[in-house]
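Okay, so subunit A shows up in both of these, paired with subunit B first and subunit C after.
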Partner chain A sequence: MTSIKRRRWRNIRIFLLLCILVLAVHFVLNVSMYPSAWLSGWVLLALILGLASYNARKKLTFIPLARSSTWLQIHIYAGLLTLPLFLVHIEYRPPNGVFEVSLALLYLSVFLSGVFGLILTRVIPQRLTTRGSEVIFERIPVYINKLRTEVESYVLESVSETDTTAVPRFYLNRLQAFFERPRHFWLHLVHSNRPRQALLTDIKALGRYLNKAEQERMLLIEDRVRTKDDLDYQYSMQVVLKLWLFVHVPLTYSLLIFAAFHVLLVHAFAGAIR
Partner chain B sequence: MSGPIQDFGHGSSQYERPTMKWVCGWQAQGQPCHVGPNSRGQCEVHRECVPHQDGEEFVCARPPVWGGKCKDGPLLDGSCCETRVRCQPRRNLFARRRMAVVLASSLAFGFLLIMFGGSNAEQFISPGDLSAPHFIAANDCKKCHAAAGNDLKTWASWARRPSEVVSRESDACRECHKFGNHALDPHNLDPRLLDDARNRLAAAPNSRSRSWIVALAEIGPGIASTAAKEELACSTCHHEHRGKSFNLKQMSDQQCQTCHVNKFHGFDRGHPSFTDFPYERRVRIHFDHSTHFGTHFANFERIMPHGKAPQGYTAAGLEKEEAHDKLISCYACHKPDHTGENMLVKSFNVMCGKCHGPQIQDTMMPGIPFLALPDIVDQMKVLKISIGEWPKPETPSGVGLEDLPPFMQLLLAGDDEFLNARKVLSGVRLAELAEPNDEQREAIQTTVWSIKRLIHDLVADYDGRVQAALNGISDSTERTEQRAILSGYLPSGMSLKEVVGKAQKMWFPNLSAEIAALESGQELESTIIDIDLQSIGNQIEEKEQQLKTKELADDTLIDKLKQLQMLEMELKSAIRQAADRGWYRDDEDTSIRYHSSGHADPFLKEWIDITGRLPIVEKSFHAHDANSREPDIDFRSASAVRLFTMVADPKAPFRCTACHTVDRRSDIGALVTNWNSLKAFLGEHKFTRFSHAPHVILLHSSQDSILKKKQCNHCHVHDKGPYSFARTEFVVPDFDWHVNTNSNQVDTSGFAAMIKKTCEACHNSRQLSGSCLECHNYHVGTFNLGH
Partner chain C sequence: MPLPAVADRPQRWDQPFSDKMTDGDVARILKISPFSDIDESKFTSAVALDGILRNDARILNCQAGDIIIREGDWGNSAFFILSGAVHVEIEPPATSLPDAILGRRQNKPKTLFHAFAQLFNNHREPEFRDMSSRQLAGQVGTRGAGESMRIYLQDVGAVIDRFKTVRLEAPKFFGEIAALGRIPRQATVFAEGDVDLVEIRWQGLRDIMRKDDGIRNHIDHQFRSNALETFIRDVPMFQNATQDQIEKLLRETKLETYGNYDSAKPFKDLAKEGIDSGLVDEPIVAEEGHHPNGVILIRSGLARLSQKYHHGHRTVSYLTPGGQIYGFEEIAESARTGKMVPLQLSLRAIGYLTVCVVPTPLIEEHVLGIKPGQRLTTSGPASSDQTPTQKDNSESRDVDNNLLEFLVEQRYVQGTATMLIDMDRCTRCDDCVRACSTAHDSNPRFIRHGPMYGHYMVANACMHCADPVCLIECPTGAIHRERLGGQVVINDQTCIGCTQCANNCPYDAIRMVPIRDQIGNLIRDKKTQFPLIQATKCDLCIDQLGGPACARACPHDALVRIDMRDRTTIGDLLKK
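Moving on, here comes the complex of A and B:
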């Protein structure tokens, strides 16, 4: 078993043990009439604050506070642990009241977006290696621009060499928009090859009407089309990989604000604290 | 793809700075500059490069990654030839994410501030509907929450004082739920009582078999460790805002177990056996089922006046089977209350009147003395006292100056001369006094004149004299009707005032003149008055005529003597009847007596109650043992004690306390007579509750023939004996046979003790629920539930 798998199994076992401990402690405290919601609430809040501090840890790289990968592992399992804690905190009952429902929905959004992100971070990187070569996200527009420039030069060369407009017409009709910016975002997310195949089919179909020089140019253009499509795939995957945090992180801070108000209300209104 | 699109060579790959907030605006077009915006988001590039001077020439400094040196090179003035259009810098992803965070946080914060500051804030923050019983307060959070109705700042202030929040909210609960002084103590009991119980149970051997969860809960930070020392907030157990259908009272058996010393797994698995339940205290009406069923219902001769069976029954009581079955059916005496929980007893007339009514109205016994003239006629000459007129009784009453009837003592308690004389005569028996000294003689005269003045005052100003005596022992604000009864006014028949008036005319015909002469300083010679028995004789003659119709058996002389004696007793009884039930004058022994009008006699009841309520009576009534002195208390208090002793004597003719028990209540300083059997007071909650209705219905509808026949006897099994007719739980058979005032005694009323096995037949883990709350209450005491 690789070290990653071993680590994973070890962490899963620790997580399951902690889950059982949380449930058992809650049950015993419930039997002893201790206000377990108070305890679980504070533990949950502390956990969420700890989870939120991962963002800060990533920025404060100069402080020796264990490796970021360790933090990530803790973040993942602590995040998962918040679910049983949350369930015991609400005592397995759906919340009532506008504020509490909002708070619960916020938490669930953060949790589910976190789980979603975890899945994405495990699935997408592998997918990124299946097509094209890895590229830095910020450079994708540069490469698209480069490809566009190359294709446009091929088109102009074709016109000057053959004095026909089949290739330029085809470029204007079918390829100009394609090379303008990243395309087929949603289709790439579902791993669809249909737009790529459609373009290549059109290019192949056009080939019957081209002369030899034009065909040579079209071959080069076809190659750029494939490269562009790969870039689009990379772009789609990487956008998702980056954008899920646009949901997860802001919601986390909103959750913290709601939680702060919740703490205020509980202490001001609830008599559950002896 | 023909080759890797990304080249990481240092000359061809620019260093990306993802942490920089701003990126070149041309990046989206794929043509970013190599400098990038400054930290303020401003584009600083308008040329491709900044040429550097090499001697006299200027050299293009465009980096290789951006194309290297340009073809044309810098201008002559040293500026770059390649202009570049300024971009509009854009934020990078991190910066945008940070903006999203700020935006989301601001939205959340703003939203909450608006909602919390709005007029519907409380609806917004409400964590859910209230339970059905509290729904009436649904729109008024202030009813329960101290922080309600205020702003965010005030909430923050309350949030810093959680203990005060708890305390105030428990107080809010108690506005409606009045549990008394120990509302927040476990079981609403005085903690000292619980400590005693806890110590007692901990010392006693028990199984202490409990589930591991309860064992863990014991050692945790929960209620088990704090309940003994602190008050418990209401919200410890009762959680609101969980919807209309939520049961506020729900609690698991394990939660009950965490506090209790005796722990067990279930009702049929370890629950302690019944010890005294439900007979922890003696019955309020002295009634023994086993003796009645086993003996009395078949033995009227022994107990009934004249040995006569009650109406409708034969002497043996068994011959009339229908009557017997009716007599021994539980429903002959018991009926369920309106809730079906308790089985109450029917009225005296229905249950007991046929047998005990004649006993109570037994006119063969004399009434209790209200006023009795002391026997001093024989000593008048010896003592050489001047007391004016004094009647000579036909039969000496046996009353001495020192043991006047308690009623009389109470009336004389306000007479200082009498009290001083009493002190002088303390310990002196008149009959044994041969040569009184002057002081004693004076004291005897004073005492006698006090008695005569009392009778004179009762005739001249009856109400004033009686009220003065009553004021000394009772609250003057009591009901007028009660005062009237205490003063001897009866609904029918002669009042005490009238009887005293007639007695004065008979015994002291010139009393007014004598009193006037005494007050003017005259000394009055003693004169013996012969009571005019003529009127009595007329009554006897009249009764004789009536009784002449009775045939006297022609038997031996002894038999005739017996019959004559019986006739005399009947005559005397007839005299008392002729003198009306209630107050009557007995000229034979110069006394005024009261004869009970029957069961629930109001006069006797009020006097038993009013004297029993006196703290001094509670303290002094048989508080000493036979060998020690009576407590040293003032005369009025001692009279009240003697009065209570007389009216509450179980041997008294009216026999009130032969059946109605008297409880010593040291907590309120009173002796409380139980005129009624167990009454389920509205709002009374005990530790254990039991409802008869469902169980009786079950027995009635049972298919089991044995069960159906047994009915109440299924649980209430008659004790087989031996029977005891003088139960020490009720009567103390010492030298003067008085009531036992200790109510904390186990008394099964003639039934065998109940056993847990009877209940376990149905209440077990396999069939019906055996949960704690099924039979037990947490909150005990008398309180309303705020409905």
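Moving on, here comes the complex of A and C:
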């Protein structure tokens, strides 16, 4: 078994043990008529604070606070552990009241965005290595610009060589917008090849009306279309990889604020409950 | 139709070592022994002795304190003292001349407080350099300009009083072992007063050695008495040898060199040619199917182990200096069976290679413990354990063969800290780049981009090569190898921006950058008004707590810094 698989199994075993522990403690506290919500609430808050501190760790790379990968492993499994704790804390019942419902929804949003992000970070990198060449995200516009310039030069060469407008017309109608900026964001996310196939089919169909010189130019353009489509794919996937954190992190901060307010309310009205 | 381009074939001495050598200088050298004892008639007219001295040598006029060579630095030339005296530092490393007075970068790991303070203290402007601290560095000075610029000790007398040194007077050679063997300089040498030296490129020295027994015997004696004994004693199979056996080994072991030594450029070309070049250009050290003449020990450089495969050769493994041997198992098997067992693999030089060949009879006698003609019993040493080469080969089998070919062809196996990124795990978050930037005053020292094999990327970061060709032509020794950790680092205080290191690096891992002051203005040369540039590269976060920030910052274990000499680690990594 590889080291990463070994680590995964070890962490899953620890996680399951902790889940059982949470449920067992809850059961024991319930049986002994102790209000378990206090304990589960504080543990949950402590866990959420610990989880949020990973973002700070990422900024303090120069301090030897264990490797970021170790932190991420703890972050993932501690994050998953918050779910049984949360369920225990709300006594397996939907909360009532606007504030409590908002807090619960916020927690679930953070949890689900985390799980979603985890899936993305495991799936997308492998997709990125199988299509197109590796490209730095910030340089994608530069490459697109370069491709556009090349295609435009082929179009102009075609006009000057053949004195017909088939290729420039096709460029204006079908390709200009395509080469302007990254395209087909959503379709790339679902792995759709439709736009690419449609363009390539149109290029092929155009071929029967072109002479040899124009066909040669169109072959070069076709090659650039494929490259641009691969770049678009890289762009879409990398955008998602970068953007999900812009959902997960702000939601976490909102959750912390709501949780702090929740603690305040609980303690303010604790006497009344008793 | 344009005429085909024609040009004179480049000749060996188109670019002499120095264009300032005169006939008078050559005549002056030829008057002094051992050059005066050389029989000039043994040299051909194409490579005449005076031609060698005029083109492969130069006169250096050093002043008191000038550091001629520093321990640990790389160099491709030897020195001969014409007049004056130099001092060779002979203190053990722990009490040797401190880095500060040798112009080396001082790398004190940051305290926790200083590490944390980087969060606020890093400069906003790129490539900030504190010129005031440069002037206050004090202990080391530079003089001269361009090629002849050198660093010097400011208080020679105090250094001679305080540190143990040996005085060498004219006429005397030094630095020849490191130059010919392409190994680091073994000691620091500095001028006592005004000294005239002849610096000879290794090619010139090699040609003189070929024709003149006196100089060859002198250098051979120096090598056997100084360098070879240490090397032989470090080889595990000779560690139990008696003094008599060691002396016999020293007498009979041969030193052989293969491949092209000339700077990094042919190496760079080879790396660019890639897999298509085949192995035709690599000199064969020992060939598969031949009788083993002896055990081959790698002294410096890199060697490929290959095996015939259909109509080509398949790379099976590679050997680097440090206890790896070739040919032992065949000799042991021959001794065991009584039949000649041919070499199972070919050994080829990648770039420049220096090997020591210990003849077969010596191995049979001192390692296998048998006399010529005798057969080894099954309980003999060779049958009990795998030899290092066998172990290496079995470890290499864990590595995908095509990946191994890629790593060897592109010379990435040179790296002692190669940055390898598993792109199937990398989320392109650039946490590694940000961490690097934070650790280097907001200046990232690598680019997360580079050649890929499958889903592995070799990123554009300094690999801290086992044979760092970037060090060879640095005029001030600003780029150097750390004595303790072996990291290749640049001292900003002594880097003059000559670009030699960046041009020599086969992997383009060194970048020249314009430097700036506190408010972001380019710092300009007082005379020319051109912006000053300096070399920058990854320093493996030598002054940071916890090691390379890039690897520590990767959340997905995608980025690793890997020592390519350790095939077990590569195998483990690829099995992850």
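Assume the second predicted complex is superposed on the first by the 270 of 274 C-alpha atoms of A that agree within 3 Å, B and C clash if a C-alpha of one lies under 4 Å from a C-alpha of the other, contacts with A are read in each partner's own complex, and residues count from 1 in each chain.
Assume a residue touches a chain if its C-beta (ideal position, glycine included) is under 8 Å from a C-beta of that chain, and two chains touch if they have at least 3 such contacts.
The structure displayed is predicted, hence computed values, not measured ones.
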| item | value |
| --- | --- |
| Partner chain(s) touched by A:Pro95 [first = subunit B, second = subunit C, both, neither] | first |
| First (subunit B), second (subunit C), both or neither touched by A:Leu60 | second |
| Which partner reaches more residues of subunit A (counting touched residues only), subunit B or subunit C | B |
| Which of subunit B and subunit C A:Ser68 touches, first, second, both or neither | second |
| Contacts of A:Gln238 with subunit B and subunit C, given as first, second, both or neither | second |
| Contacts of A:Ile124 with subunit B and subunit C, given as first, second, both or neither | second |
| First (subunit B), second (subunit C), both or neither touched by A:Glu134 | both |
| Touched partner set for A:Val190, first subunit B, second subunit C, both or neither | neither |
| Subunit B versus subunit C as contact partner of A:Phe27, first or second or both or neither | first |
| Shared contact residues on subunit A - subunit B and subunit C | 133-134, 136, 242 |
| In the complex with subunit A, residue positions of subunit C that touch it | 110, 112, 115-116, 118-119, 423-429, 431, 434-435, 438-439, 447-449, 452, 454-455, 457, 544-546, 549, 551-558, 572, 575-576 |
| Parts of subunit A lying in touch with subunit C, wherever the complex brings them together | 2-4, 58-64, 67-69, 71-72, 121, 124-126, 128-129, 133-134, 136-137, 238, 241-242 |
| Footprint of subunit A on subunit B - complex, ascending | 1-2, 4-6, 16, 18, 23, 27-32, 92-93, 96-97, 100-101, 103-105, 107-109, 112, 115-116, 123-129, 145, 147-148, 152, 155-156, 158-160, 162-163, 165-166, 169-170, 213-214, 216-218, 220-224, 226, 230, 232-237, 239, 241-243, 252, 254-255, 258 |
| Subunit A - residues contacting subunit B, complex | 27-35, 93, 95-100, 132-136, 138-139, 141-146, 148, 181, 223, 226-227, 230-231, 242, 245-246, 249-251, 253-254, 257-258, 261, 263-265, 267-274 |
